[in-house]
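Before any comments, here is the structure.
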Amino acid sequence: MQITTPSFKDNARRALGDSDLRRALDNMKTGFVGKRLLAVERLPEFDALRDDARDIKEHVLENLDAYLERFEARVKEQGGQVHWCRDADEARRVMLEICRDAGARTVTKSKSMIGEEIAINEHLEANGIEPVETDLGEYIIQLRREPPSHIIAPAIHLSKEQVADAFRQKHGQFPGDRPLDEPRALVDEARAVLRQRYFDADVGITGANMLVAETGSVVIVTNEGNADLTMTLPPVHIVLASIEKVVPTLEDAATILRVLARSATGQEMSVYTTFCTGPRRSGDADGPEAFHVVLLDNGRSALLGGEFHDILRCIRCGACLNHCPVYSAIGGHAYGWVYPGPMGAVLTPGLIGLEQAADLPNATTFCGKCEEVCPMRIPLPKMMRYWRDREFEARLTPTLSRLGLAAWTFLALRPALYRVATGLVIGILGALGRNRGRFRRLPLAGGWTAARDLPAPQGRTFMRLWAQRRRGRP
Amino acid sequence: MSGARDTILGSIRKSLKRGPLSAEQAARLEHRLKTPRANVIPARARVSGRRRTDLFVDEAERVSTTVARVADAAGVPGAIASYLAEHNLPATLKVAPDPALKTIPWSEKPVLSVVEGRGEDGDAVSVTGAFAGVAETGTLVLLSGPEHPSTLNLLPETHIVVLRRDHLVGSYEDAWALLRVMGRGMPRTVTMVTGPSRTADIEQTLQLGAHGPRRLHIVLIGGAEDDAE
Amino acid sequence: MTAKALDVGLFVTCLVDLMRPVVGFAAVKLLEDAGCAVSVPPGQTCCGQPAYNSGDRGSARRIARQVIAACEGIEHVVVPSGSCAGMIKVHYPELFADEPETAARAEALARRTHELVSFLAGALEGAGIDAEYRGAVTYHDACSGLRELAIKEQPRALLRRVRGLELKESREAETCCGFGGTFCVKYPDISESIVDLKVDDAIASGADTLLSGDLGCLLNIAGRLKRRASPMRVRHVAEVLAGMTDGPAIAEGRGG
């Protein structure tokens, strides 16, 4: 997909002016945020489970090579195939080859963020294979030819009217004047259309929430059941997973499942959690004949062991997006690539390069809410700060900011000079602002006064007044 | 392709500043995999007997699953017939070729027409067994296999699950333990189903029946008399 | 009162020093009324947070060293800001992770450093608070104080002792106000959208005054309230606890 991250500020400005988007994002508070809180309150062990989940994933990352080898061996024992891919290009090539070998004309897909990351749909389309997204939200945005705006609710930015418009345009098989006012009607229509696509598809592509080393199973979680249909009906199943998804045992998977849905949507469990192990067995009446796992690195192994190591624990629940004041204000598209919100601000620079994503680690208030709700206890603000360090070192920080900072540091390190200089400025501003108590506009303060008045200082510095008080004392 | 494998494993090891695991370290991991240990299990899941049944039913109902209770297999056809009548649903059942379901006296309810097989487009109602029910979240554990085609869980609009009360467990870990005791390894799919299919992708309003069943109904076999712990 | 007065050094913070000295004097009064002997370490300027959060670790470390030296030998360092106290308590030790000797000094300072309100409510058990405020107050939980230092109940407990004060909780009391240090000037339109939610929520609480423990947030919220011509008053919580509310509230003038 096209990267628009470098124009983050313009994207954000546009998003802020979009009243449909604002209404859609408001739904998120009562939906995801409120429901998560209720689910967490119902489970006294939630924090203990978060600790366990973090420890499991840490243990895996420390032994990632061994667990991947073990997973691979198990998949092969069950008659599946594993394809290791260093980057997006390699993964696209491998997947296209599998589709071609299957003589595929259409493939169904269940939502996969890694699929977005490697832009698999565009690649298949360019090669004459039609990909059909089956997650309802993902299907809607595919019809509208736009990228997802949220990692678990890709169409969260849309109103039902916008969805109805897309359906009227693209579903020519139905009468044009059919009623599509209610979400129910929209869901039913999508269900009917997609049902046939499952039967027609030659290949089903799913992502993976986890890979289980113990059994060689792929764990796929959905609410709609679309991944189960995608992996059951077509003759070939391709799983696209990144290398950090592996967990040791079924018990470890259970622990992560307990925090996943609660953090994501506030459900105790998602509706369908399927552990899928190899192709159809003898005697089975259904299931695919071939089972492929594409294991993608795409820069992740390089993040291991470094400052951004902890982001590899991420289970893509979306809690950090749902709770982020910045995401809640601008939505996901403004971030300009696959991963928005706090986890995106940490992951995106690591995957597409800091130059392109320079805004993301800065466009945060460091309020810490993301870390507070993260089920994997990922220190997101700390890692955004690491990216800021790298920007500063690489001189990506804007010149004006650098100069301002240098001047401030110069003064801060010279207390005597600092007192004189600040005393002077504060004295002037205090006198100017004395009557109104604030400024509507002030030279060099445009960033501040664009949105709010600048409160005037009281006029004398504390340090000066304190010195006077001390002198006045006997 | 082996080039990619070696590159990725090499890159992982380089980042971790080490070579392949030593024999001793590898043995430790193997031991962890061979003797899986549970992590924290919520207290809620550690119940048995009647309390476990009640919890299972409560949790299942919270997620819009409906539950009917019958004393024994003989009660199943009647329970299903009245459920279908109540919801104005056709009485044609696609039933899993499950030996346990064969013992159900379907013919006692002639209104029900029973066909065995996998799920097909157009099937309105399916009936399957279940490997286990997990009380913790009212979750069904369904294993695929010759006796349980997974299409039956997905294609019909109504999925009816016949579940024996003594197949209820407290936690997911209990279900894994049962699966290991069976000793047949992992089936092609183990699906944990918690309620009927749903989506909230349109304006965050919940709609049941997105791609899978709109209705999930459990007929729970096991009368009050076996409520002793 | 304890027999021996507690030795307290006030780290006044640059914003209080420059923008609103009355907060510093309120802090001094509260500490003295609780029986502390208060000094103001002369070598202090800024805690280094602007540099730290802008990726300039070198400058942040130089400033941090200066603060560590300035506070050497002081039994308790008290800071009228959760954000600056968090910088000293949480981030100074991280800054010197690769310099064991300085890290030890940073950790010692971190242990001796307290955010004002939690120190008054905790170690000082609310001693000496004797104030009156006629008004309905809502409290904004500033992010650093809340999430880095677990400041939540302390200010509310102290405010309940103020005569005439009615506390009205806002639904979104824990939601960020959109200040975020340099964030608010780098991304003014996003910041505006966030602070608008905060302001709407504060107004909806029915309070006539908004209090908090961090001047950064307060300047942001007050600035937005005034831009929107709201009559809501904004003050640092210390001003109310110390009974020093005769002067104009934040962003309000003498000329009316």
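A, B and C are the chain letters, set down in written order, and residue numbers restart from 1 in every chain.
Note that contacts are C-beta pairs under 8 Å (C-beta built on N, C-alpha and C of every residue); 3 or more make two chains touch, one makes a residue touch a chain.
This one's a predicted model, so the numbers in the text were calculated from it and none came from an experiment.
Engineer: In graph terms, nodes being chains and edges touches, is this line, ring, star, complete or other?
Structural biologist: line
Engineer: By number of C-beta pairs in contact, which two chains lead?
Structural biologist: Maximum number of inter-chain contact pairs occurs for A-B.
Engineer: Centre to centre, by mean C-alpha position, how many angstrom separate chain A and chain B?
Structural biologist: So the centre of chain A lies 30 Å away from the centre of chain B.
Engineer: Go ahead and note the Å separation of the Cα centroids belonging to chain A and chain C.
Structural biologist: That gives a centre separation of 33 Å.
Engineer: Based only on mean CA positions, could you tell me how far chain B sits from chain C in angstrom?
Structural biologist: Each chain's C-alpha centroid was found; their separation is 53 Å.
Engineer: Pull out every residue in chain A that's touching 2 or more other chains.
Structural biologist: None at all.
Engineer: For the complex, which residues does chain A have touching chain B?
Structural biologist: My answer: residues 24, 27-28, 30-32, 43-45, 48-49, 51-52, 56, 62-70, 78, 83-86, 90, 94, 134-137, 140, 153-156, 158-160, 163, 183-184, 186-187, 190-191, 194-195, 199, 213-217, 223-226, 228-229, 231-233, 243, 248-252, 254-255, 257-258, 265, 267-281, 283-287, 295, 297, 301-306.
Engineer: Considering the complex alone, what residue numbers of chain C touch chain A?
Structural biologist: Per the touch definition, chain C meets chain A at residues 12, 14, 16-22, 24-25, 40, 42-46, 48, 50-57, 59, 62-63, 66, 143-144, 146-148, 175-176, 178-195, 197, 219-220, 222-224, 226-227, 247-248, 250-255.
Engineer: Mind listing the chain B positions that touch chain A in their complex?
Structural biologist: Those in contact with chain A are residues 1, 4-5, 7-9, 11-17, 20-21, 25-26, 29, 32-33, 36-40, 42-44, 59, 62-63, 117-119, 121, 137, 139, 144-146, 149-151, 153-155, 171-173, 176, 179, 185-205, 207, 209-213.
Engineer: Chain C touches which residues of chain A in the complex?
Structural biologist: 9, 12-13, 16, 325-326, 329-330, 362-369, 371-372, 385, 387-393, 397, 401, 405-406, 408-409, 411-413, 415, 418, 422, 426, 433-438, 440, 445, 447-448, 450-458, 460-463, 465-466
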